[in-house]
Amino acid sequence: MKKQILNNSEYIIKKAKVVRTKKLTDLEKFFEISMPNNESLDHDPGQFVEVSLFGVGEAPISIASSPTMRNSFDLCVRRVGKVTSEMHKLEQGDEIGIRGPFGKGFPIRILEGNDLFFIAGGLGIVPLRSLINYVIDNRRDFGNVNILLGCKTPDSMLFGDEVEIWQKRLDVNFNCTVDKADPDWAGNVGLITSLIPGVNLDPDRTFAIVVGPPIMYKFVIKELIAKKIPERQIYLSLERHMKCGLGRCGHCQIEDIYCCQDGPVFCYDQIKKIRGAI
Amino acid sequence: MNKKDININVEYLTRVEGHGNIVVNVEDGKLEKCELQIVESPRFFEGMLVGRSIFEAQHITSRICGICACGHTLASVQAAEDAIGFKPSIQTIKLRKLLLHFENLDSHLLHIYLLVAPDLLGVKSFVPLIDSHNKVVRRALRMKKACNDLCDILVGRHVHPISCIVGGFTKLPKEIDLDNMLGILNGMLPDMDATIELARNLKFPDFERETEYVALVSDDKEYPLLMGDVGSTDGVRMNKKDYKKITNEFVVPHSSAKHAKLSRESYAVGALARFNLNYDKLHKKAKEIAKAISLKPKCTNPYLNTAAQLIECVHCIEDSIAIINDLKEKKINQEETVVVGLNEKKTVKVNAGNGVGAVEVPRGILFHNYEVDEKGIIRKANCIIPTSQNVNNIEFDMQKYVKENLERSEAEITLGLEMLVRSYDPCISCSAHMLDVKFINGKK
Amino acid sequence: MKRPKIAFFDFACCEGCQLQVANIGEALLDILDIADVVEFREVMSEKWDQSFDIAVVEGSITDHHAIERIKMIRSRSKLLIAYGSCATIGGINGMKNNFELDEIRKEVYGKDYKYFDTIKTMPVHHVVKVDYFVNGCPIYPPEFITVLKAALSGIPYDVPDKSVCIECKFNENICMYEKGLTCMGPITRAGCNSWCINNGNICYGCRGMVSNPNEKSAKDILEKYKIDLNLILNRINMYNKCRELEDNEQKRY
Amino acid sequence: MQIYKILKKSNLDSLVSILSKKQKFMAPVSKGLNKFAFESVTSSKDIALKYIPTILAPKKYFMPQYETLIEYDTKEGQNMKAVVEYENMVLFAVHTCDLAGIQCLNIVFSDRPKDLNYLVRKNKITIIGLECNEVCDEYSTCAFMDNDLPNGGYDLFFTDLGEYFIVHVNTQMGDAIINDTKLFEDATVSHINELEKLREKKRKLFINQFGIDRQKIPELFDKSKESQIWDDIGNRCLSCGNCTNVCPTCYCFDVMDVQNLDLKTGKRIRVWDSCQNETFAKVSGGESFREARSDRKRHRFYRKFKYPVNRYSRFFCTGCGRCTRTCMAKISLLETLELLIKENKVK
């Protein structure tokens, strides 16, 4: 067997550094990452990177920070398996591999000038944080902003301090709910879908942006359509098993689309007929 | 005589395959109790076989013991073929002999290096040897690996061989496989020389006990391992079918292994027994080694079983080379590859019957016996393992050893007994499982 | 980094898996380079009475004494690896559960059968928590090394949940069904590199069943071969008998 | 201009021996029971010139079962180099269906972003095709898929005409073999006429069993998403993955790291994976997006007859029949298509 070095292989990783970490909950940990020479990652909100740790593997992780943050970017990782567990051991100064960014993010040019309605369930807040912070950083380019947040319990809520800031802003309408409250919780209890009817919006100029666990979509979309938001104004991000991020390994395929390249952000209009998408 | 009390209680005797305890109790200088307790949890193989296809017998009984898996396989296949009335081909028999050599070689080397050598070099295990005798450890692992590779080529793997089944082999070695095996065997020769050198310098304890030795015997010139009648140094000779008259098994409460006796209170099987009965038929190089370390039949020092194993190693290597050269010359007939499975296609004709397999595996003669019906379903199964035949003999050795060494310290006696038991290379996994020396408190 | 301490233990089994570890040969010394083996009864006399980082356990639990022993081992060890079919799925020992216990004891030991304590065969995880599983009868050494490495680096290992056929095809074997034989490959977990079929034999299912086998279809296919259904059920049960305990009496840890 | 040459059968062995000295020479060999496999040979007597599709398709040389992508060393950080392991080889006697299979893979791996591992390896492989003079067996649907006649994708193409092979020279690599070995002669008109005659005869032998035109397939599949047939074959399927492994155009894979004993170095490899495995589309939250066997079976068929048509304008079934031959549950591609056609009354 002969061997040749490939300098342009798509599998080559870039060596990145962990700048800062923070434990968010028992399961989730936050990372700030910088690329070599503090190069900008140049991503769109909604895109993801493949995080690599040699000897363990790779995992696709959404970029949690706004592209307006130039010298570094954020990740938020839930510990579920090999790579994610190993990532949780990382501390400031450690090296990790990054490939990407991959995929299609949220269509900022289309969203500009319109009202936005963000709906995030659980870990869905991670990719949405990127867009929300972008919108807040460029607040004048967008119309009304509504944010609905749902999580299992109050202590599983991510980015609590930031959420508090969004909550306090006058130019953002914020509401959140938990499936199960604890004694300190004063807010809503119940499914996120129960909050949608109460939101005040102009369906014609509102774009809904939904990210959450797979089972959430069906119910949320039903409510949005009940609010007369046109299907082509609903965007969502799908999670699928992924290995290569290059549209080849087949794991993320839904009918003839590859979630890693054609997505993960899709317009509802585009995928509603696709079997197995929602 | 010294009127002391001795309580030895070695739980989980180490460096033997399986679990056993040694229990010695001397009160006022009188030996009250001296037992080798086999406390392995029983695994009920004979029971589990009933109602199963005879074509599964080998696969299951191989799992009696991972150390003698090839030996069990060969005994099982022989018994099964005997029971259903199938005659293996000459090529098959040659390949089985080869497999048996690999098995004996592998097991003997493991025993000599990893299990006995530490005692003789005065350390607890091979681990400290990694530093003190690194070359020896590396050589041991290398030789062990070589045996493994041989089995990998011949039967897929050493632990639970894959291709050796009732009817023949499911995969036959190709020309290149034969060459590779030859290469490995020839490559082992220098290491074998070094092993003999090492053994020459080891000191075995002086101890003798006259007993009866039992092994396969035959009338031809071949050192009988795979086939033959059963013979003993007390002049017994019987067909293997009469194995029950040889083993006369009985159960004792302190052991999950059954005990055995023949012409006297106990008998011994294993390398030393074979050496004592069939010395003349060893390969001439093996005989030279025997002379060099002055081992002669009939030797009655059980500690020297290890030396007999060493001599057999030489025999196995040399005879394996001869068998392979013969196979190369005659060319392997690949048409003989068998496809059997559960005999779905009835490729092997099955008659009802009762069959016995008797094979000289590393620790001595191993009997398998199956009774099958006309559909090839096992109705009754019995396996008599070398170690169970030896346990009784070991206990008599132990008693004599303790009586002769009463003046020594408990620690010295314990070590002497442990070494004695280990020299038999007892495979307790086989006999049930477990070995532990317990010197029970005598003042109960 | 502190060198992790590893200890090997065995319960009812043939000890073949220990031997497989010994068989790794000189590469074994590489492992000893990064970890301390503190107990390994088959080849070592040393005993270690303190706690250790990794306990590697072989064999099934078949008597009361074993239950106590395995609990003790678990309490002393940070991680526990069950290796070999006997430990991970009950394996061959599970066939015993086909019989009434007294009946089988009498069969083997005659009238003195009561001396021999026995209970239904259980894999280790029926009694204590197991962190890593290495299936196989015997274990496939490369997989054992992979798991050991995972344990040493503290990352999880998932036993492959696909069929032996996958690897069998990688090796371009002629399928046993095409030879007219029944094979356990389709419902057995991969990871052994289709060892048996590579050597001309059928798969006996030693690595346990995939998590969601299409048992009905598998039985349909096996039945087509016109052999006694009992023999086929026996074949499926050869290694997998203990699965029944999971649905009935016992819960997995 | 078409270039044809002649190779006398008596010269085949010289060809094999010359070429196999310079590089690996892979050809179909018999494994018994009418089973074949591409293996390395050094003499023409080991080659099975008359063979039905090998157990594994030649894709195993283009994207091996296990393939190193990266070698890493984490002693000081995440150091690595991307590599491709390859072998110079001649692949001999590739049937037209397998040539089509290789063409499909070429399209997939040349699509952006290009897969260099595949492309480098592919460039080291010289392909010599071999015409099928007869239909392999009842499982072949190559005529329906339009793969019974050569359609490019080779360097040389052999057609067995009794005493000699007529050889179509398609590329410079092919030309080089002709020039280097000096075993080939020029073809005359009569040789070419013989070839025409054979092809004429083949037209009668290689028939479309389905009675519909291939171009109707996408329409057929559009209508069949919710067909009961998927449930029926799903109930029988064992999810063993045999069908995807033997398929010449299945290319799904898994990526994983294999560590060396030192726990510091190792390699990242890619391994064939199968959409028939239950865990293939499972995500960490626990959802499996094709949990039902029927969904997985449907996915496999659509990945042959519908999705690639949308994406690459090409069917990814070559008609080789391997999936049907290998399936122990006797799930047949031919039967399934027939049932779909019947159910939808497509004409």
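Note that the chains take the letters A, B, C and D in the order they are written out, and that residue 1 is the start of every chain.
The rule we apply is simple: contacts are C-beta pairs under 8 Å (C-beta built on N, C-alpha and C of every residue); 3 or more make two chains touch, one makes a residue touch a chain.
For clarity, every value in this text was computed on a predicted model and none was experimentally measured.
Asks: Taking each chain's centre as the mean of its Cα atoms, which chain lies farthest from chain A?
Replies: Of all chains, B has its centre farthest from that of chain A.
Asks: Where the centres are mean C-alpha positions, what is the separation of chain A from chain C, in Å?
Replies: 42
Asks: From the mean C-alpha coordinate of chain B to that of chain C, what's the distance rounded to whole Å?
Replies: Between these chains, centre-to-centre, one finds 25 Å.
Asks: Averaging only over C-alpha atoms, locate the centres of chain A and chain B and give their separation in whole Å.
Replies: Each chain reduced to its C-alpha mean, chain A and chain B end up 65 Å apart.
Asks: Going by the contact rule already set, what residues in chain C reach two or more other chains?
Replies: 153, 179, in rising order.
Asks: Check each residue of chain B and list the ones that touch at least two other chains.
Replies: If we look for residues of chain B contacting two or more partner chains, we find none.
Asks: Could you list which residues of chain A touch at least two other chains?
Replies: Correct list: 55-56, 81.
Asks: Judged by the touch rule stated earlier, which pairs of chains are there in contact?
Replies: Once each pair is checked, the touching ones are A-C, A-D, B-C, C-D.
Asks: What does chain B use to touch chain C in their complex?
Replies: Those residues of chain B that touch chain C are 12, 14-19, 40-48, 50-53, 56, 59-60, 62-67, 69, 110, 114-115, 118, 124-127, 130, 137-138, 141-142, 144-145, 148, 155-160, 162-163, 165, 169-171, 251, 253, 256, 337, 339-342, 344-345, 375, 429, 433.
Asks: In the complex, go through chain C and note every residue touching chain A.
Replies: Residue positions touching the partner: 153-156, 158.
Asks: Quick check: in the complex, which residue numbers of chain C touch chain B?
Replies: The contact residues of chain C facing chain B are 10-20, 22-23, 25-26, 28-29, 32, 37, 40-47, 62-63, 65-66, 91-93, 95-96, 98-99, 103-105, 107-110, 112, 115-118, 137-138, 176, 179-183, 195-196, 198-202, 204, 225-228, 230-231, 234-235, 238.
Asks: Quick check: in the complex, which residue numbers of chain A touch chain C?
Replies: Going by the criterion above, the answer is residues 55-56, 81-82, 85-86, 89.
Asks: Which residues, counting only chain C, touch chain D once they are in their complex?
Replies: 27, 30-31, 34, 145-146, 149, 152-153, 161-163, 165-166, 169-170, 172-175, 177-179, 185-187, 210-214, 216-218, 220-221
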